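For reference, the structures are reproduced in the following blocks.
Look at the two complexes coming up: chain A is in both, with chain B in one and chain C in the other.
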Partner chain A sequence: MKKILFALGLAAVMTVPGYAQAREVTFSTQLSNYGGDGAYLALYLTDADGKYHETLWISGEKSKYYKHLRDWARGSGLNQAEYDGLTGASVTSGRTQNVTLELDDVMIDAGYQVRVDSAVEDMRDNRSDVVVPLTTEGSGKSIAGRGYVQSFVYNLK
Partner chain B sequence: MNIKPLVITFSLLLMSGSALADDDCDDPIAGWQPRESLRQKLEAEGWKVFRIKVDDGCYEVKGRDPNGHRVEAEYSPATFELREMEREDDDHDDDRHGKSRNDNASTNEDPVSPRGIVKGRPTVTVE
Partner chain C sequence: MLRKLHGWPGLVAALLLLVLATTGVVLSVAPAIERASATIPATGQISVADLAERVVAHYPGTEQIQRSLSGEVIVYYSRDGQPGADLVNPLTGEGIALYQPSAFLRWVKNLHRSFLLDDAGRMVAGGLAVMMLLLCLSGMFLLARRIGGWKAVLKPIAGSGSSRIHAELARFAVIGLLLSALTGSYMSAVRFGLLPEAAAAEPSFPAEVSGGTPAPVNSLIALKNVDASELRELVFPYPDDPSDVYSLNTTQGSGFVDQATGELLQYQPRSAGNQFQHWMIRLHTGEGLWWLGLILGVAALTVPALSFTGIQVWWRRRSTSACLGEGASTEMADVVILVGSEGNTTWGFARDLQKKLNQAGKKVHCAPMNDLAKRYPQASVLFILTSTYGDGDAPSSASQFMTRFEHFQADDGLGFVVLGFGDRQFPKFCQYSLDVDAALSSKGLPQMDFVTRIDRGSAIQFREWGEAIGERMGISLALAHNPAPATTTEFELVERVDYGVAVNAPTSILRFRPVQDRRNLWQVLSFRSRLHLPSFEAGDLFGVAPPEDNTARLYSLASSASDGQLEICVRKQTNGLCSGYLHSLKPGDRITGFIQQNPGFRPAGGATSIILVGAGAGIGPLAGFIRKNTDLSPMHLYWGGRNPQSDFLYQPELGGYLDDHRLTGLNTAFSRSADKAYVQDAIMADETALRQLIEKGAQVLVCGGRDMASGVSQVFDSILKPSHMDVDELRAEGRYLEDVY
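Here is the complex of A and B:
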């Protein structure tokens, strides 16, 4: 009986912090009416110096165009393991994409930055269209992008 | 233990994987037909061709197919063999391989994040 209680206790101790450490975040990227084909976007995290850390989402399904998401491509090395299972459709001009995920708490208020690279066929590529620190204070504050992104905001729950 | 069959099987698997992953055309340039010929062929079939450009060794055509759908198609430059066709209208990105968009999709599969900072698969919607 004691063994069972011990096992249950151990399981609880191991499980509870696992949930406590993850936080739901929604990243909303609104595109301007640039009038071209669907935009390829890379949503990813870097450290404070802009060094690539992790891919959050890639919009656009043809991997041969990923090289146009230039900073992300350089940081990730276009290594498929970095984006496998994290890709979806490109985003049409004027639309808003919402990416919601459970992010490890240690990434917030720890000097990491959220970045968006963007590219559209036959139009220019925008490295670091959006650069914003990932902080509790920055949650809900909309910022303007430099390229096809009209506005970007993340919300921490 | 005789590992030869295993090695052969594994090698074949690897080779077939890389062959499938390659969507480039590799026709020798000497054998390429003019893109104007492709335009004429397609227009004779009822296409409205907007543009033909070279992409990864293929002719990439944007236009409307005989059914009026806006499409992007890739053809081998030497044989004009169709390599890939993708519909671009109605916000559908389906192509012959049956890929689908993730708009309004909600999935929760196993964690996919390489460093484990993202739990589960993100939910993505487009408004």
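Here is the complex of A and C:
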């Protein structure tokens, strides 16, 4: 279990201090017992059309396997600047990963989607294993993934 | 140094290597199994476009098509929102089975590469691979030294026991093991960043696509241009996303394909570094190279046996080298013993000599030959006991001897005796002891006695030598070192057939069977048969000591364990203590004895013609070979006796073997008959036929007395002269074997 606090959107906070508000969000990703090695996950935001916006968290330490997180890889262009400092260990089959981040308030209820791509060695890659809109209403509502993710939920504070 | 480099890492790594090797063996089979079940279209038969079309026809929700290097094609699809994966037939696109990678193989793979311990385990596995590399290299050099140079590497290996098994197995497996170790080390080094990782071809996503209406997959030109056999992976675009593209990954490179125009975008060929890395991995895993996988697997299979025999050899060397102490100092000693030993066997003899000399009141200094002092002021006798390594080289504890000896000052009154230890099967039997003897003589040291060469650690020869030397020194030297305290078994004489009494050469064929004793709990638990015979083959040796003497004599075995009995053929020697004892046995009498293996004296088998030569009781093992020759290899026996009416050993049996073709030809010579012929004459009479057989690769096995054996080798030399070959040459090729006494 990892509890990590990262100030995202820091630049915005500094340039327009009066308007920006940070919200703490916890993302919980529970994996099914798919019975393989540790899964690589990409947690990222896209706009309503699925166009990549920003990286939230990458699980898995070997960047050479990141290309298997296909949609994220395509969106981020595998640009190291996109995920620098936002990586951790891969997630074992059946375990739950919690990531807590601070998101800019303007991102919520603004049509953005949270997505998870997943990949496991010698098994299939799952693009958009999870796709869920980032809304106040959606907070705390668990949804099922279509690949290795059994359930996914985010909680806004 | 080389030996230490081979021994210590080997010992430390043995256990962990067992895990690596065993898991490696399991994994090595996977490529062959995958290959066996895969349907593989001929190159040029179908393109990636054809393949994709056929797959999509059966799997409308296809997301990804993968082809493994073994030729398996896997489709990942989604159907009604549920993901799935199937193995498909590339020719039809039809599903064959659910694709479910084996959890067991995954576990084995993780055990193999990381001992299930992730990065820490991977580091250990990588370290082991490097250690294995060292073991292979140092082992190759040791082996080359042992058998006399790189050129001799493919020749038969002499010697016996675990060290021979170790050498034979290693020679067989070393290339495979070297490849596995090298590629494994490389993979590990890359993984941990010790070697640069070749950049994978990662084309960046095309910034612009045509965005037109998607065309059918089989019409896309970029996919038509790639043969299905080159496909690694084809990822389909999202349905209903015109801005998406196909990602194509082939053995040559990767790129993207526009789903409307079929144009290949951003294509990047694989770099040379990437290809190299890819091949290193394939050479390690055998992926797509099922035959290599199996070869590597078989090589890895030898690792448990190599570890076991290696530890045995190491242990024996270690336990025999435990030092008894040097004894008297170099200044005080009146007798000096210097020991040249590779495997430490010679030390056992030296220690016995030291002990007996001490008992005789001598002040003895005992040291390795490498510790030769500048001078031994008080000494009157310098004993040198040495083995020979490889092709006449110095054993390790004597490697510096010749150099040091240049500075040696011989004091007046110092005489020397050299005792060589070796194995007659080696072409340069005890060569190093002869060299040392010559070096000492040339320095003007008085030679107290000629070099005696002890064959295969013979306790009798050692005792006889002690008697002779003791007499010279005016002391009694009752040497009694038996280098192989073998486990003895009790046997009961069940049958004896007597020959030759009328011609003053009483010779008996004695047949024993092991005594049925009460089995202990262990034997009951391990389901050992009540009649447990130790394992042996005809040609091995049976050691037996007469009751009033504890030095065992060795007799060649005429039967194999599978015959259910132990058979020897013994000529009663005049005043022979042991042969007399054996001849006095009556059926039902019991003796104890042990088996000593003699793997260097065996017929080659197969289609090779075998020429067996013997005289008198020497027929024993030869008859055993013929009895075992159920594969009907051509065997020709030349045997000499005294009189056909009296000592024609095995006559009835040989007749039967001729009838059922286990024996191809029988030629006898009798010295006390009308023709007065010896076995050499019988060989000479068949000169042309024998020369032709040998030219075609026949093997000669000679068993009998030493005089007969030297006569026979002279005859063969003269027979072979026209074809410009000689016995020494055959010997070096393992085609002229002797068992003489």
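Please note the rule applied: the second predicted complex is superposed on the first by the 137 of 157 C-alpha atoms of A that agree within 3 Å, B and C clash if a C-alpha of one lies under 4 Å from a C-alpha of the other, contacts with A are read in each partner's own complex, and residues count from 1 in each chain.
One rule holds in what follows: contacts are C-beta pairs under 8 Å (C-beta built on N, C-alpha and C of every residue); 3 or more make two chains touch, one makes a residue touch a chain.
A quick note: this is a predicted structure, and the numbers were derived from the prediction, not measured.
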item: Greater chain A contact set [chain C / chain B]; value: B
item: Touched partner set for A:R124, first chain B, second chain C, both or neither; value: second
item: First (chain B), second (chain C), both or neither touched by A:K64; value: both
item: Which superposed partner A:E54 touches (first chain B, second chain C, both, neither); value: first
item: Which of chain B and chain C A:L78 touches, first, second, both or neither; value: second
item: Overlap of the chain B and chain C footprints on chain A, listed as residue numbers; value: 37, 64
item: Parts of chain B lying in touch with chain A, wherever the complex brings them together; value: 23, 55-56, 88, 91, 93, 99, 101-103, 105, 109, 112-127
item: Footprint of chain A on chain C - complex, ascending; value: 63-64, 76, 78, 81-83, 85, 101, 103, 106, 110, 197, 200, 202, 204-205, 235, 238, 241, 247
item: Footprint of chain B on chain A - complex, ascending; value: 22, 37, 45, 53-57, 61, 64, 81-82, 84-86, 88-92, 95-104, 106-107
item: Contact set on chain A toward chain C in their complex; value: 35-37, 50, 64, 67, 70, 74, 77-78, 122-127, 146-147
